[in-house]
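Shared between the two complexes below is chain A, which pairs with chain B and chain C, respectively.
What follows is the complex of A and B.
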């Protein structure tokens, strides 16, 4: 009997998807991932929940091992064409992800940024926009400031843009394209 | 029957696709995300869009409420609920709005205000409000992208010229976060203000038309209207200007269905939301008031004459 890591199982993926959905619906709120991969990077939990052979993934900072690619069954793409991009948040971006088109803005990338820590750190953000009653504050450790500057450009003409999922190994949070980010 | 289906009936690939589309729908409020709506063991148009969302999102241990036009006992709600119970082992169901984690609804949003920890899925027959003014989907997608709703506003204006008011009774076009205009499914006007700054996430699924869209929590939702002709909800006043009350529970603040009493031929009014009506009824008993004339729901001596579309 094949002994499979729980992150590949439907029950765990359902739980993790609901965390992702709540994260996307309430930007800046941090959610703890309940099940971590037994081995391999924590970002695998998010990827296992969302990806299959129908989408394209880019891993410009080589955060995944070749075994992980086999398990994900996902096809690899250059970063400008990928539906999902995973990056080390401490390294500045040097690419433009897919921003979608005016008739089809959903054909845009989801960026998954791995940072050192969520909930504390040197970057202090004040968030407003859909999903936030008044304002939400978010502290991040290990995110290059250029990500937020580039994001401003990427999301400036709604409905085009990118959606960010941030992850620190334990927790996730999200910044959809509609969230206004103010750096304090 | 020996065939076993996975939890939630759909296979994991189908669920993942619905889930990915749902995340994009939340990230782009009001935009109709296309998805490959699967064949379900019931006809398209019977709530398969809402059903696929529910089956892809629901997890073990959650409590589900299924409503059809405000009632948990209508045929569509009963069928969908028993299908979900059959295919999602380990979930609970309830008829009480405040006990539910997850609500799937056809054409009503509960009277009880929803909380942050709840989620509502609405079944949508016709997702695109622009279809009445533009037959080409390619062109509609561009109009949506540019947030160009001038033709829709002309349509509303024509209504005012002809009838002195906007005559849309349900599926009232509503602008989400200042950009996309959605068809909020055939909810009555009464429910449209509940979309605005909702505490709960609202997801809308159209199975036949293969679209998923969302109104995230704490998001602006404005019904289309004009400065001099503001949006208004249904008026339940009688000829003397008195607010009609539910004949069963006496509530004067809920959305009412109109019935005809088959014995007397008189019109009677009753809460559309059966759970709300039950709660009001038991509250009035607790306070020593006499609840309305009928104790059964739905009452057996009357026929419903108003049947909403969709």
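What follows is the complex of A and C.
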């Protein structure tokens, strides 16, 4: 009777989960999202894949509609306690996310930043580290530079830190905490 | 008259009453009723297992008595006339379609959308079946009741018998 948006279906979520794994394994490489939501922001595709009722989400820039929260069935939290934080990349961060603890570094936040465009733009990054053979270049449009400055502070005490997922309307890429980012 | 009747049956009993009817009857009714309507999910329809948690009486420690099938749906309907209503259902069943159909009925009854009168009659039928089942259960329970006062009458004789034997 009901026709659900494909992003909520297990098949699409498995495809997108594979995409996120690839993005995390190959930092800075852009991957095209195969299925976009019929309604609502593109970030829903990633959130629908990653979240369930066991994790906490913060949306300090109110990127989600109230209907999206019902569909995600995720609990809301303040940004300092959230497991996942979605933000508008063009706005500078004014918080410190969870960085994990030494016994449990995995209990840190994953930041999902919505930017204007990946693969083009004024922010030019050179990436090195695990998952990158030599160096990787990444251009981003619509990312406040303070995100990268703050990220340096957040990931300086490895294994503590945060993992970043960046997405525009069509593509995603990731910057895990192990990636060294140099701004050109 | 019918409007009065629907007011008399509490909304919390609608799902329970309609669930008493054969699910095929409900599914064919809702499919026919909603064929020209736009139906959107407000949350993901799901089916799974619920866990029944209790505390033991000795140590007051929590334990799970068992599992039961559970399906839920929450949806929004827009009829071909542009009327909008929301309905939801959480039901002990493992079929998502059953929860969806009951959620649709909930929306139709609450907003009195086209077809609600027919649904109201089904609601009455369901309530009757539910009442009858409840009476049957009560009857069965009553028949298993032990009257311990009879033991008092039997006990002296039994004691005498025992004394005679010794």
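Quick note on the criterion: the second predicted complex is superposed on the first by the 184 of 184 C-alpha atoms of A that agree within 3 Å, B and C clash if a C-alpha of one lies under 4 Å from a C-alpha of the other, contacts with A are read in each partner's own complex, and residues count from 1 in each chain.
Please note the rule applied: contacts are C-beta pairs under 8 Å (C-beta built on N, C-alpha and C of every residue); 3 or more make two chains touch, one makes a residue touch a chain.
A quick note: this is a predicted structure, and the numbers were derived from the prediction, not measured.
Enquirer: After the superposition on A, what does A:50 contact: first (chain B), second (chain C), both or neither?
Expert: In the superposed model, A:50 contacts chain B only, not chain C.
Enquirer: In the superposed arrangement, does A:70 touch chain B (first), chain C (second), both or neither?
Expert: In the superposition, A:70 touches chain C alone.
Enquirer: Could you say whether A:17 touches chain B, chain C, both of them, or neither, answering first, second, both or neither?
Expert: first
Enquirer: In the superposed arrangement, which partner chain does A:130 touch: chain B (first), chain C (second), both, or neither?
Expert: A:130 contacts chain B only, not chain C.
Enquirer: May I ask you to decide whether A:156 touches chain B, chain C, both, or neither, giving the answer as first, second, both or neither?
Expert: neither
Enquirer: Kindly classify A:2 by the partners it touches after superposition: chain B alone (first), chain C alone (second), both, or neither?
Expert: second
Enquirer: Under the stated touch criterion, name the partner, chain B or chain C, that contacts more residues in chain A.
Expert: B
Enquirer: Identify the partner contact of A:92: answer first if only chain B is touched, second if only chain C is, both if each is, neither if none is.
Expert: In the superposition, A:92 contacts neither chain B nor chain C.
Enquirer: Quick check on my understanding: which residues of chain A belong to both its chain B contact set and its chain C contact set?
Expert: none
Enquirer: Using the touch definition from the top, list the residues of chain A that touch chain C in their complex.
Expert: Listed in rising order, the residues of chain A that touch chain C are 1-4, 8, 67, 70-71, 73.
Enquirer: How about chain A: which of its residues touch chain B in the complex?
Expert: 10-11, 13-15, 17-18, 20-22, 24-26, 49-52, 54-55, 101-106, 108, 110, 130-133, 158-159, 163, 176-178
Enquirer: Would you mind writing out the residues of chain B in touch with chain A in their complex?
Expert: 6-8, 12-13, 15-17, 19-29, 31, 33-34, 57-60, 138, 141-142, 144-146, 177, 179-180, 197, 201, 214, 216-220
Enquirer: In the complex, go through chain C and note every residue touching chain A.
Expert: It comes out as residues 30-31, 34, 39-45, 73-75, 97, 100-101, 104.
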